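The following pair of complexes shares a single chain, chain A, combined with chain B in the former and chain C in the latter.
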Partner chain A sequence: MTAETSPANGERISLLRVLGPGHVWALGVGIVLVGEYMGWNFAVGKGGAIAALIACWFAGLLYTCVAMIDSEVTSTVAAAGGQYAQAKHIVGPLMAFNVGLYLVFAYTMLEAANAITLGHLVQTVGAMAGFENTNDKPFIVLTIMFLAWLNYRGVYTTLTFSLVITAFAFVSICVLFFAVQPWSDVYIKHDQLLTGLPYGWLGVLAALHFGMWFYLGIEGTTQAAEEVRSPARALPLGTMTGIITLLIAATMTWYICSGLMPWEYLGQSVTPLFDAARLTNSTLLMVLLFIGTIFSALASANCCINDASRAWFSMGRDHYLPQVFGAVHPKYRTPYRSIVFLVPVALVFAYFAPLDRVITFSILSGLLEYTFMAFSVILFRRKWPLGTIKRGYVHPFHPLPAVMLLVLCAATYFAVFLGYGTQLIAMMVFYIVASLWFALHRYKYVRRGEQFAMPWPKPVGY
Partner chain B sequence: MAKAPYRPPVQSQIGQIFDTLFLLALVLASLFAPLYLGLAGSGKTTVELSDTSWAGMKQNATMQAQWEKLGYTDGTEAKDGRQPASKLIATRFDYDFSFVELAASALVVIAYFFIVFYWSKKEYREVIDERFGNSE
Partner chain C sequence: MNTFALLEYSAWGLSILLGLWMLVDMFRTDRSYSEDLLTSSREGEIEDASAVDPPQKRGAR
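Let's turn to the complex of A and B:
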């Protein structure tokens, strides 16, 4: 179901299939890599540096499960909307509507967080350069508006732009890692700066909350399903190489930052890798990490707009949302109305909300999505056992990854509860009200049988 | 007799605009209001530091050097454009929690998923019946 009728002229217009595995890698890593440049370090604040490292590994395990499960399901359900389309085919409409919202808000809040970081960094560097009155707000607005415009104009240019700046941001982390000479104690002083577990083992659990930030968004690769030339090959390849890249980057980032800064500072820093570069006294590294941070924030926000708009577009196309959002631009072949609609939401959050709260909104939406994925893959294997439909990739050890994912999700809910419990409940209230709106009002505009668009046999048990 | 496919009503332009505005309002109210009502607290507290010298704040020589490179000073007041590190060092999370609150939060999350999965299953059966042409 790649075609869509444009309400404007009645023609059937589809999204363009122009992307390769490199773009899929860029979409996954591009969203997430900013997590190394900011946000992960709040895990240090919640439990100390060692707790953050343990959280990094456990979150890495969680995301490896996510990537394995996602690769199997996505290589089979290759449709824009990613997990939303999966939920529609595997679980049912109300779950699909909720998953669509998880995606939109995880990505839109992440986009807002990126814009805040970029604005903060420009303000900090402006002050360092003698411009004390530099205001971050215009940069926040400009970032969101510019990237929305880029997304409006076409997916190929948008993701090629992301590919280049994401690669630059990743190389910047590698350069910093080797520049601080991890084989010596010239810069890195873990023996002097690591202070054990300031909150005990409860802090380790609490750190899992922001440990997710090292990887949050890698599952966004699936949003490109209708725009890649070969979904069955490109999506698993791009996703799995993406998670490997992130595991390497996360470990290097932790090693550098925890060896350079006291944990009390690191746990509250807005731009930890840039601060690490400052501590080397190298102007070249500072400039490199300044550009790296800017690029990572731009790449992430760029990919977030791409993913959130695809999810919103898919829901509009299925009439889960007003059908005006299901339109494709007749010239640029992008879901332009969805892109435009989400701009004010991102702007309001980026302009008014504090960074850690915005990140928590994003993390909570992601966490709800991962919980869904664990159940979804079990239902997927049960309804279509191996051999009944063609899968581009079959993940090993099923159902172990799903069970591990559920256990890690449960631990992370508890981690969010520790310190951000009211925010957890506030988010749940939002999803409950939205679900009521969908079930009692919106669903009447949705065709029933047409929601199931895959050429699969009837599911087992129905 | 085969069940006739469900024909949804066509939503008017005004209806679509209303739904769009409702969604925008719901998003902004439900996600943003908690921030202003103080419900989205981060659980952070400020501990009392009796001694705000570097040693008193349990910062060794390496830590002190790094704080100073980052533009911070000891004490409670800014000095020579350097901000006091004590504000950051004194900020801690308070992990005291009530088991009742934890149980209530867990119940909300579990009940939410249970209801969404249950309701989806009902809707899904209707989708499959129509897609694969089940007869009544």
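Let's turn to the complex of A and C:
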């Protein structure tokens, strides 16, 4: 056995603080932008183009609340794990364990969904090029392995890579928007294609499920809290510019696609933005949007690995999970064991599970997380009122955003229940069983006092 | 064997290489450093609190 290096003079290995606001923006937007390229348009199938627009803005409001709340809380909890760390400090261990699981599953499922999508795209290219019996599996596996390797090697390169490809994907949407000349009716035919609400207001409610696709994952910016150079500045800045970017991208995407395609087709399209580019008959735009689609899926999977591994790592560090997962690589300064451990989990889901179930599991885990956030920020303001703790950002109109978030979450639960009721119940049972395991078995291993390392004052009333 | 089949085999090969690289590096690292050092990370602190609460700005604590 080789000689081991042991800690001397209190020496510690921590995650590397090298990221700036641009990386935070890339982490938030990078996860989500694939939702503009594919997925959001199923909202059109549920209730028509107008319903999809209502869902787009409704979900936009929901996520603006999420971004504001997140920015305030995370600017004080500068720890990897994001909402898990927030739950640990603000609510308690059982909530933290559950939130940690929501995060890991939401991101790992999303990673699997992105890998499936990339594999499908490569397979489609192969079929279009005339090759028969093409197989998507090797490309699904390669996507996951390559991105895990990149994440293993260091956070700076990983998120710089995401920054470049996410910016490319966003600029591609902007180029398409101006290329279809929204100021004229040369391409855009809203006057002919917008046909009201084909399924009435029930269709609008059903569309909410997929309206979330425009923004799902922006809250992942908080996972970078322990790796940004200036958390109090970079996290609110990156998160708020991220949600603004997504609101613009979502509205442009809806405007382009609903103006070029009838809702009956748009509601079933696999790659709506690429299809919109094809309708312009411009080869340049087709190539641009195809690359944009590939890049957006790649960026999303990349950021998902980053976020899921940080959440898993934080839980291991506090002994909510076996401590081995709380290890940091001494050279690359990444949570390497968590990254490696989650690879087979993502591979199993990407290889064997159907895409719609994987996506729905991700959405439901995200919804549970947002519900927690609404309660969490109310408790946060009550326990640590303004003035008792330094905040990098203070969100306005409290508690209105929290109340709105709760109402919007309740409406979206109902929308999901309409389409995926069995899965919703199965998932709730899963989290209840996991909670019982934690409370009855795992909790005795948790570092009860040591897990609270933040220099916070005692909460009001204690 | 056509070009796409070659691409598929390349993807499998590259995936195996990347996976092996990570596993070998992980085992090497685990053998070279003590577990205490590898798991010595603690929650971070805010190094640069660029803004404070409005009441603090007004000195009304």
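Here is the rule we use: the second predicted complex is superposed on the first by the 449 of 462 C-alpha atoms of A that agree within 3 Å, B and C clash if a C-alpha of one lies under 4 Å from a C-alpha of the other, contacts with A are read in each partner's own complex, and residues count from 1 in each chain.
Criterion: a residue touches a chain if its C-beta (ideal position, glycine included) is under 8 Å from a C-beta of that chain, and two chains touch if they have at least 3 such contacts.
Computed from a predicted model, the values in this text were never measured in an experiment.
Participant: Which partner does A:A353 contact after superposing on A: first (chain B), second (chain C), both, neither?
Facilitator: After superposing on A, A:A353 lies in contact with chain B but is clear of chain C.
Participant: Identify the partner contact of A:V429: answer first if only chain B is touched, second if only chain C is, both if each is, neither if none is.
Facilitator: The first partner, chain B, only.
Participant: One more residue to check, A:W437. First (chain B), second (chain C), both or neither?
Facilitator: first
Participant: Which partner chains sit in contact with A:M145 here, chain B, chain C, both or neither? Use first/second/both/neither.
Facilitator: Second partner only, chain C.
Participant: Using the superposition on chain A described above, determine whether A:V73 touches chain B (first), chain C (second), both, or neither.
Facilitator: neither
Participant: Comparing chain C with chain B, which touches more residues belonging to chain A?
Facilitator: After superposing on chain A, more of chain A is contacted by B.
Participant: Quick check for you: in the superposed arrangement, does A:N135 touch first (chain B), second (chain C), both or neither?
Facilitator: second
Participant: Pick one for A:V324: touches chain B only (first), chain C only (second), both, or neither.
Facilitator: both
Participant: Just to be sure I read the superposition right, which of the two partners does A:M373 touch: chain B = first, chain C = second, or both, or neither?
Facilitator: Neither chain B nor chain C is touched by A:M373.
Participant: Please identify the positions on chain A that touch both chain B and chain C, taking each partner from its own complex.
Facilitator: 323-324, 451
Participant: Which of the residues in chain C come into contact with chain A in the complex?
Facilitator: 2-5, 7-9, 11-12, 14-15, 18-19, 21-23, 25-26, 29, 31-56, 60-61
Participant: Tell me, which parts of chain A touch chain C in their complex?
Facilitator: 1-7, 11-15, 17, 75-76, 78-80, 85, 126, 129, 131, 134-135, 138-139, 141-142, 145-146, 148-149, 152, 225-226, 229-233, 317, 323-324, 326-331, 336-337, 339-340, 343, 386-387, 389-394, 451, 453-455
Participant: Quick check on the complex: what are the chain A residues that touch chain B?
Facilitator: For this pair, the touching residues of chain A are 45-46, 87, 91-96, 98, 105, 189, 192-193, 199, 202-203, 206, 260-262, 264-265, 268, 275, 278-279, 281, 319, 321-324, 341, 344-345, 348-349, 352-354, 356-357, 360-361, 371-372, 375, 413-414, 417-435, 437, 439, 442-452, 458-459, 462.
Participant: Can you tell me which positions in chain B touch chain A when the two form their complex?
Facilitator: 5-6, 8-9, 11, 15-17, 19-20, 22-24, 26-28, 30-32, 34-35, 39-44, 59-63, 66-67, 69-70, 72, 85, 88-89, 91, 93-95, 97, 101-102, 105-106, 108-109, 112-113, 115-117, 119-132
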